[in-house]
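Chain nomenclature is as follows: A, B, C, D and E, assigned in order of appearance, with residue numbering initiated at 1 for each chain independently.
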Amino acid sequence: MTADTLSAILVSGIVLGSVYALMASGLSLVWSTLGIFNFAHGVLMTLGAYVAWTVSDAAGLGLWIGAGVAVGIAAVIGVGILMERLVVRPFYDNRDILLITVMTTLAVMIFLEKGIQLVWGARLKQLTPIAPGQVDFLGTTISAQEMLIIVVAPILMVALGAFLRWSRIGRGIRAVGQNANAARLIGIGVSQLFVVTFALSAALAALTGILLGSVRLLTPTFGAEPLVKALIIVIFGGLGSLGGTVAASYLIGILEAALIFVIGIYWAPSMIFVLLIVVLLFRPQGLFGKVVR
Amino acid sequence: MSDAENALDVVELRAGYDAYDVLQGISIHVGPGERVGLFGPNGHGKTTLLNAISKIIPQRRGEVRFLGEPLGGLSAKQIVERGLIHVAQANHLFPDMEILETLELAAYTRRAHSQRAKNLDYVLKLFPRLAERRRQQCKTLSGGERQMLSIGVGLMCAPRMLMLDEPTLGLSPKLKDELAAAIDEISSQRMPLLLVEQDITFVLSLVDRMYLVDHGEIIREIDRRSGVDHDEIMDMYFGGHEAR
Amino acid sequence: QDKVAKIGVLAPLTGGAAADGAEMVNGARLAVDEINAAGGVAGYKLEVVVGDTQDQAADSVTSAFERLAGDRDVNAIVTGYASGSNFEIELMAEQEMPYLISANSAQTRDIIAPSPDDFPTVWSITPSYDAYETEMVPVIDELASSGKLKLPNKKVALISSDNPYSKTIMEGLKKNFEAAGWTVTSSDLLPFGEISDWRAFLAGVRQDAPALIINTDYLPGNAAKFMTQFLEEPTDSLVFIQYAPSVPEFLDLTKDQATGVVYNLLGGVLNTPKNPRAAEVVKKYEDKYGNQPGTYGPALYEQVYLYADALEKVGDPTKRLEIGEALGASEKQIAAGMLKFDPETHLAVQGNDGIPIQFYQIWDGERVLFYPGSYATGEFQMPPWMQ
Amino acid sequence: MAATDASPVLLEVRNVTRRFGELVAVDDVSFTVTEGQVFGIAGPNGSGKSTLFNVITGIPFPPSSGAVLLRGEEIQRLRPHQISRAGILRTFQKDAEFYTLTAFENVYTSAVYCGGAVGADARRDSMQALEDVALADDRRDRPVSELSVFERKQLMIASAIAGRPKVLLLDEPAAGLTRPEVTQLADLIRTVHRRGITIVLIEHVLPLLLSVSEHLMVLNQGAVIASGTPKDVVRMPQVVEAYLGKREVSH
Amino acid sequence: MTAFGSPVKLAAIAVLLVVALAVPLVVEDTYVRHLFIIAFIYAIVAASWDLSLGYAGIFNFGHVAFFGIGVYATGLSAKLLGVDPWLAMVIGGLGASVAAALIALPVVRLQGVYVVLVTFAFSQLVLQVVISQSEVTGGTQGLVRVPTIELFGYNFLRDYKFGYYYVALAILVVSTIAMRWIVRSDFGLSLKALRDNEDYGLSRGIPIGLQRLKVLVVSAFFAGVAGGLFAIYLRVASPEVFGFSTLSLILSMVLVGGTSSIYGPIFAALALTFFSEGLASVEGLAEGRYMIIAAAMIVVLLFLPKGFASAFSGRSGLRRVRLRRASGTGAEVR
């Protein structure tokens, strides 16, 4: 293997990993703190990208891409907050909240996905890149937008991690997910934090969608594949740890790139699944989850 | 009976779960700096009363005032901000958080935050075991250790009044004594106290006055100064089925 | 008061192929409106009823079919494609339902060819795809010998995704190229579905620098990505992409990056002065819906007209067998060329005097038809990255 | 029915250790419980009592090292449900029950899967066990989530009895009970004991512990610091120092 | 809790059964019969999924793969091996069971949501294998012209789906009876027990791994048979059965119907099938109808958080008002 191919694999792995980290962290935020699996996370990505497209593309309002980013994120935050109100809050105290919200968020996913198709149609669209052009990274040419993702992802992850670990609200969010009543008793506003968490996660989804929307192509089902990937990464990384999620993202990204090179793109996804199953056989608590019994 | 001086007034409170009321219009009060016990058989609404006061469950009818201020319009969070702290029964706290992290988090309100260092010192001194294990996750604690942490969390909230629900659950005899001494010390600084407890000796060693609860109602009020002892109370309650 | 003859349209209105589905319905409606405006056929007004095939799963398709077929007034069904396997052809045959279909002609042939008489009402307006496999080498040879295309070597890299359409074409091409003395440097298979990263394949291609790169994956999104990533570090190779560049939004997505790409089409719109019908249909479509159609809008438009002609001839829509027979006997200039059916396979006849294979090159946002010469609208040019 | 020194050994714990990283929660503990004994265990909070029950039953983890023997046979390598079926049944310190099942079904499940009874036999065993704990009235058809604290404790014991235990491990059964309930619990434990079931009891409620135990072992920081008759043990200075504090112990 | 054989319930079910038997005699519309058949098939899949998901509490996301394996095992054995289609359906069930036993190996060792990952990965692997082995399975194109059943010379093809209606109904009834029997058996009890509290279950002698293995194998069998019927009835096996839309469709039947219930998902399957098809025939609602369905599902869950099942079983979202409170006074307990 030459240095060139090695760097190509590495770069493509880092790009993939960064994308995965962005997608998975928003999902993991809601899941590991509130114990809710948000099936609509992927479609929130899609929505953010479409709104940004409408604002910034020539076929829409034709404004500056920055305006698209801002409006896209704001709109999706609004939807996230609405979601929390309508399909999560009514089930707070339900013992089966996990299963019920699987259903309600799945319903929201269907609703938004079909809604997007109604509004924007099914034809492919593409967002203007925030960063146009190409750059050289570790001896491999990639688009500047991908470079942007490589840079933004770790910064966001570190910020998010620090926020959850150290900030008052961040710690509160973690507490609320583990025991809402105990959290109330120390003066944490549980419903406010649910909202904050959903809003934060929605913002991450929108940003991911917008960043990815100029690298990939937009369709109403744009978010479906990322959702599945994120699901796998969040579980694999070990629940309840943002660090684990991020590490798993990059690990799987690089692994995927390497596997594509070694055994081809056809069998690479299956190979990853096989590896996942094997790893879970030996580490039933996920890759980075702690064993506690 | 109640006046603005009282720490806590509960008037004709009704609350419960689902379609039925556990509390059928209960009234109690805690005077300024007073230590009051709630005693009664299992499952008769003591915990429900505390839950309703701290708004873990809604107050359906009646009124609750803390330091003269009605709590009706306040949220659980605002009640904690006022300094009315409820240490829940058998609280499992935050399973994945470490002890120290939990204690630090507990000083969540602005007021509690400002006293964080002082209170943390106090708690860790009171329960040295917690200091030893500061990095251990809550879900791996032993029953007694978890109870210590629950009380510690309550203290970290900078209470102006404490409501303790069965604080001695699962504590060793020695620790019970130490806890009694600690509660005595805390509340002797005129911190009002509402104590729910099944260990009658423990209650009697601490409170000035106590209520006997039965089927969600107060059936009797006993003033400690009138000199009743626990056998009499047992008699009152259980009609002679006393433990040896 | 006119009687009503309903035409069922099977179309994927929801799900991944919804863009195609919308176009199918639009095409059918366009024709029906026109025919009705002109007074209908044989005393009947036509009406479109749509059956949503969703993700084209067998139960969705069957449900859609049963719903259409359950309506007494539906005595014909048209579609671009309804399922990946065309299994519904048998349902049609059982009910003697006149059925016109466009895509998946290989599947159609596999089902019908063993006993064509069992399917008297089912006809495919798309010819056999064999030409995709056989015509490529001669066309390339012709370009090379005429000097329009300068090939640095006789190497070809093939890539396909794992779906029967693309895979069959790739395998056929491989055989034909090898037979013609070419070296096939790679013939990779990718999973079917969205592919956002072609770089691993392109890395291999760059090492071999073949004169010809052929990608038979037909999804326009994938093709757009492919071009973008190819152009990051292009090699001295002619790029051919199957079908995808014919989809209207391919041009929007790739913009000037598409200039120089070659593709071909069987049964697509033959938009050339020699076939004015095509321009006419496309224009009507654009006027009514405000966007350019791909293959399926005009296809369904033509299918409805074929049915109308048959109905005219038979006079009674419930005489399904006779309608089927009339359909099979059609001979007509349509948007894709001259249509007549092969009784052995029930497919349209392929060829320069039937439905021809068309080779296009994209140049500055225009589609230049350069083969067959008899229909050509322009000349092939060396792609910009090869100059 | 009290065990005598001549009674054969039923349960033996031999040099059992359980570590959690640095922490040694159970530190080289050995003891024997003879057939028919009521064996009490006490110790400060976090001294390793519950952990000891955990490693004996394998729920949720086995010992780091050491052996557990039932009637002379090593069992620590068996799987947890096999240990239960071999006759070691436990209760849990925190609430543990099948909360969507009725009281009867809770007991019945144990009769079937642990007691190995089938059909009518299992139903009879379950009814008997519920009667033993005085829960056989209409409460038996209520979901457990509707039972009170004491009723749940009774139920926990009933379901253990229905599993036909040789030895029953009780972890703080009296926590949170009123005095009369503690008295009833003591009677209940004696009833179970009279059925020939050996009992190991962890308890902080001293009146109960001291009134029913024949032998008392005290742990501190994972290690045994005292073992003997309850009367002797509660007077030992190390026990008073570590566990009882200044408290007067009446017996 | 299930009311064990309450007479009202039994009577209601008997009436429903009679109605179900009478449907094809009254309804001559092939389309409606077809919808019933499809709804019956999905009902079996949804109800059997609830065995592992609802009763045993296993986060099994591979159930649709069991269904798909049934589709292909049946399709392949009937078409390529020439097995009699009736027998092929059983083979579909067995094939799914074998797959379930395989996937159970890792699943029994995992906790909670980790099961999602493995079962999901498993279904993706199966899909990949099906697609890649296109010489045998037809790949993405699928397998067409699967032979149809025959019974004493009766032709199931041109009878306006009369025969298939009864076949599907019979399989639904038999599997419902079997599943009801399972959940009410000691085995079913142990599943619910383990779902409530694993450690406590172990301490009462319930072998977790074995019970989970059994429930996966059994529930897969029903799903596989349903898959077999699906393949034989539609005469095609195509890979969309493994897709996300099938998964979400059937999952919504389980959850809207109510977990820990056999009847709930069955009713939900019927309701959802007819509701969505009913909307499909409304002009201009192609995409809109899914939005309506999604909104309706949310509304159902808002009012019946435990799904349809709770509406039927006296125990609705509202807990019974207890007149006598849990006793616990010293005076009462003696």
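Rule of thumb we're sticking to: a contact is a pair of C-beta atoms (placed from the backbone, for glycine too) under 8 Å apart; a residue touches a chain by one contact, two chains touch by 3 or more.
Keep in mind that this is a model prediction, so the values were computed, not measured.
The greatest centre-to-centre gap from subunit D, using C-alpha centroids, is found for C. C-beta contact counts were set side by side for A-C and B-D; B-D has more. A straight line joining the Cα centres of subunit D and subunit E is 42 Å long.
With centres defined as mean CA coordinates, subunit E is found 31 Å away from subunit A.
We define each chain's centre as the mean of its Cα atoms; on that basis subunit B and subunit C are separated by 76 Å.
The centroid of the Cα atoms in subunit A and the matching centroid in subunit D are 48 Å apart. Counting partners per residue, subunit E has 128, 132, 287, 290, 322, 326-328, 330 as the residues that reach two or more other chains.
Shared contact sites, meaning residues of subunit C that touch two or more other chains, fall at 14-15, 18, 162, 191. Shared interface positions of subunit B, defined as residues touching 2 or more other chains, are 41-43, 92, 140, 238, 241. The part of subunit E that touches subunit C in the complex is made up of residues 29-32, 34-35, 38, 128, 131-132, 134, 138-145, 157-158, 230, 234-238, 240-241, 243, 245-246, 277, 280-281, 286-287, 290. On the side of subunit B, the complex with subunit D involves touching residues 41-43, 89-90, 92, 129, 140-145, 147-148, 166, 169-175, 177-178, 198, 200, 234, 238, 241-244. Considering their complex, residues 37, 86-87, 90-91, 94, 96, 99-100, 102-104, 106-108, 110-111, 114-115, 117-118, 224, 228, 231-232, 235-236, 239, 266-267, 269-270, 273-274, 276-277, 280-281, 284-286 of subunit A touch subunit E.
By the touch rule above, subunit D contacts subunit B in their complex via residues 20, 42-46, 49-51, 93-95, 148-150, 172, 175-183, 204, 206-207, 211, 242-247. Residues of subunit E touching subunit A in their complex: 53, 106, 109-111, 113-114, 116-118, 120-122, 124-125, 128, 132, 244, 248, 251-252, 255-256, 259, 287-288, 290-291, 293-295, 297-298, 301-302, 305-306.
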